[in-house]
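Structures follow.
Next come two complexes built around chain A: one with chain B, the other with chain C.
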Partner chain A sequence: MKFSDFVCQDAIRAELSADDKESVIRELVSALVESGRVAESDHEDIVKAIIKREELGSTGIGRGVAVPHTKHPSVERLVGTVGISHDGVDFDSLDGEKVQLLFLLISPPDRPGDHLRALENISRQLRDEMFCKFLKQSKSCADISQLLEEADNNQFVS
Partner chain B sequence: MRIVVLGAGTVGTWIADLLCQHRHSVTVIDNSSENTQRINEELDVKGVTGSASESSILFQAGVLGADICLAVTGSDEVNLVAASMAKAMGARRSIARAFGPIFRDRSTFDYERHFRIDRLLSLEHLSAVELARGLQGPGSLATESLADGKLQMQEITVRDSTAALGQPLKDLSLPSGVRVGTIYRDGNMWIAGAEDHVQLEDRITLIGQRQDIVDVKDKFQRKADPKLGVVIAGGGETGYHLCRILEDRRYAITLMEHDPERCEFLAANLTHVTVIQADAQRRAVLEEERVGTADVFAACTGDDENNIMACVEAKELGCKRMMAIVQRPDYANVVGKLGITVAVSPRDVMAKQILSFLNKGPVISRAMLPGGNIGVFEIEVNEDAPATQYDLLSLPLPPSCLIIAVMRQDFVQVPGANDRLKPGDLVVALVDDAAAEKMLTLFNMKALT
Partner chain C sequence: MKSTLKPVLAMETLNVSKKVMVQNAQGLHARPADLFVKTANRYSSSIEVTKGSETVDGKSILNILTLAAEQGTELEIHAIGDDANEALAALTELFEQGFE
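This part shows the complex of A and B:
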């Protein structure tokens, strides 16, 4: 599974303004609403679902990266987005560090395989230090899109 | 490689330590924060506190995208569930430890397949295989256990002139479960073909299931080998597995176990073993069971000190070959000095097994036959290995290479010409060292390095 299979280009946010965990999740889901991938009426429900999952264990996996995710029946296919917070957000991460780089994923409940493949792809790619570093330094959505495309072409992870 | 170890108990800690030494990136999950703290302090690993069967914990530990997940907690059920989840979540390989023998038995339910776990390991079974390895078969120069103890390789020197000599092998009507692998004559060793024949003073290797090997040996020996007397102390899982591995007519086995209920079980399940309810710690018992005249004494109770003492006693009484299960690494140094011939450490055995999984390629083991350039390979058939594209007959193997057996779903099969290898099969092959590389390309050796 590639980033291009689920990341919505026009929902990418290179400069997130939120400064806490819940609002940063809210901001990213709003981006998906604005791009037309998620209905406005489902916004709150999805945010709640993602937060509920976070309460069971943070998806902040360390090194300034978090992958908040959930399954929700309102989406027909996998939708995801990427956001950068240059100041960092406290995300209850494993290593206690603030999170700068967020990948948010929402999948339809009846596609569990695709959901896992997408999460796996994110996890694998984010293992690469350079990829993370370049993403965190991105100033524009175009920069981020280009990095994702390069990752899709296996330019980071062998 | 990125490895996630589930369980920071004795085995988990030991494995994590070993993997660190091999410069792998290791994350350890344990549900006791005391354990994760300790392992964080002692080793260069990342410790995560929580239950290994919780998806959030596995996610945090980076199971998605891990190369291997090793489930070695103290609970079989947790190991099964967690290893299965790890595999589904994207770990390339998933291995679980299971104590209960039923988990590795496929006759009623195939746990490995159902849970999609690459390998279910039993420490006790592995230890027993290792002990059996230390036990040389009578009249054999060397024996080697292959395919999880299901296949054996024995080397014999032909000293009797029997009717089988001088005839092409294909005319000997050997049982189908066994092959003459190599012939060594006048300083040369080669892989035996159908037209080859065996002469007096040749050294030959036989590979196959144990019972079949015995039948074939009879064709080359006029007198059957004398039985090897084996006394085993401790009828726990290890002792029981050891009996199952050795149980055939080449061995006269006595098994001592002090628990009467366990004895009932052992006696009911081991047909060719004499089960005695006795305490192997008592000298009088060892004398009575004539341990002094036994060829081999194997102590496999769960207690290191008892095992070592029993071996020392057995040596006193005149037994020549003593084997023991010794858990504590601190004792490794002493056991040799006490005259114990073979000491098997379950942790070492587990570690060896796990390191073999880390090999990037499909080769599970490689052993060279003494006195030649020919190796015995155990090779795993991977998904999309080129070898799965051909019938065996048309498989482009190099000339000095012979596929001896294929293990599929726990059953050893002698492959026919129209068979085709499947992913998950384990292939046992003999190959001349010079041709090994060429053969391995068929199993994706290159693609993986």
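This part shows the complex of A and C:
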């Protein structure tokens, strides 16, 4: 699976303004609502589900990266977005570090395979330190889109 | 003159492996992967996990997640070190219990 298979281009946020875990999740779900991928009426339910999932264990997987996610019946296919917080957000990460890079995923309940393959793609690409560093330094949505596209074209993975 | 050298123990580095099956319906997603890595890091042995032709570091969640191991996937866990048997037993048990 590639980034272009699940990242909604117009929901990418290069400068997240929220400075705590719940607000940053809310900001990214709002981005998906604004891009038309998620209905406004499902916004609150999805935010709550993602936060509930975080309570089971942080999705801050280290290297300043978090992958907040949930299953939700309102989506027919996996939808996701990417956000950068330049100041970093305290996410109770596994390594204790603040999170700058967030990949938020919402998947249909009956498609665990797609969710796994999205996680696979994200983690595989982020093992590359240059990709991770460039992404965190991105200042615009266009920069992020370009990096994701390059990653999809195997420019980073050795 | 009396020797002050301590007797050198014959330290044998254990090298063990076992095949396991991913049983839980959701596969090895973020939470089980986190549990696996936390368990692996309790031991000094090095841990590797193999799926098909790919072998990754079992102590790194980024590495475990790249396996995208779905339900029914066969994996091989490989432990090398003094506490390899204990590590392998603990990690195997996670799979047997479906990461519950």
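We adopt the following convention: the second predicted complex is superposed on the first by the 158 of 158 C-alpha atoms of A that agree within 3 Å, B and C clash if a C-alpha of one lies under 4 Å from a C-alpha of the other, contacts with A are read in each partner's own complex, and residues count from 1 in each chain.
We adopt the following convention: a contact is a pair of C-beta atoms (placed from the backbone, for glycine too) under 8 Å apart; a residue touches a chain by one contact, two chains touch by 3 or more.
Just so we're clear, the structure is a prediction, and the values are computed from it rather than from any experiment.
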*Overlaying on chain A: chain B and chain C, fit or clash?*
clash
*Partner with the higher number of touched chain A residues, chain C or chain B*: C
*Taking the superposition as given, does A:61 touch the first partner, chain B, the second, chain C, both, or neither?*
both
_If we overlay the two complexes on their shared chain A, which of chain B and chain C does A:116 touch? Say first, second, both or neither._
both
_Contacts of A:21 with chain B and chain C, given as first, second, both or neither_ = neither
*asked:* Just to be sure I read the superposition right, which of the two partners does A:124 touch: chain B = first, chain C = second, or both, or neither?
replied: both
*Name the stretch of chain B, from among 73-81, 217-225 or 415-423, that runs into chain C once the two structures are superposed.*
73-81
_Touching both chain B and chain C, residues of chain A_ = 56-57, 59, 61, 67, 94, 116-117, 119-120, 122-124, 127
*Mind listing the chain A positions that touch chain B in their complex?*
53, 56-59, 61, 67, 94, 116-117, 119-120, 122-124, 127
_Help me check something: in the complex, which residues belonging to chain A touch chain C?_
56-57, 59, 61-63, 67, 69, 94, 112-113, 115-117, 119-120, 122-124, 126-127
*Where on chain C does chain A make contact in their complex?*
25-31, 34, 37-38, 61-63, 65-71
*Which residues of chain B touch chain A in their complex?*
2, 48, 50, 54, 56-57, 59-60, 62, 64-65, 88-90
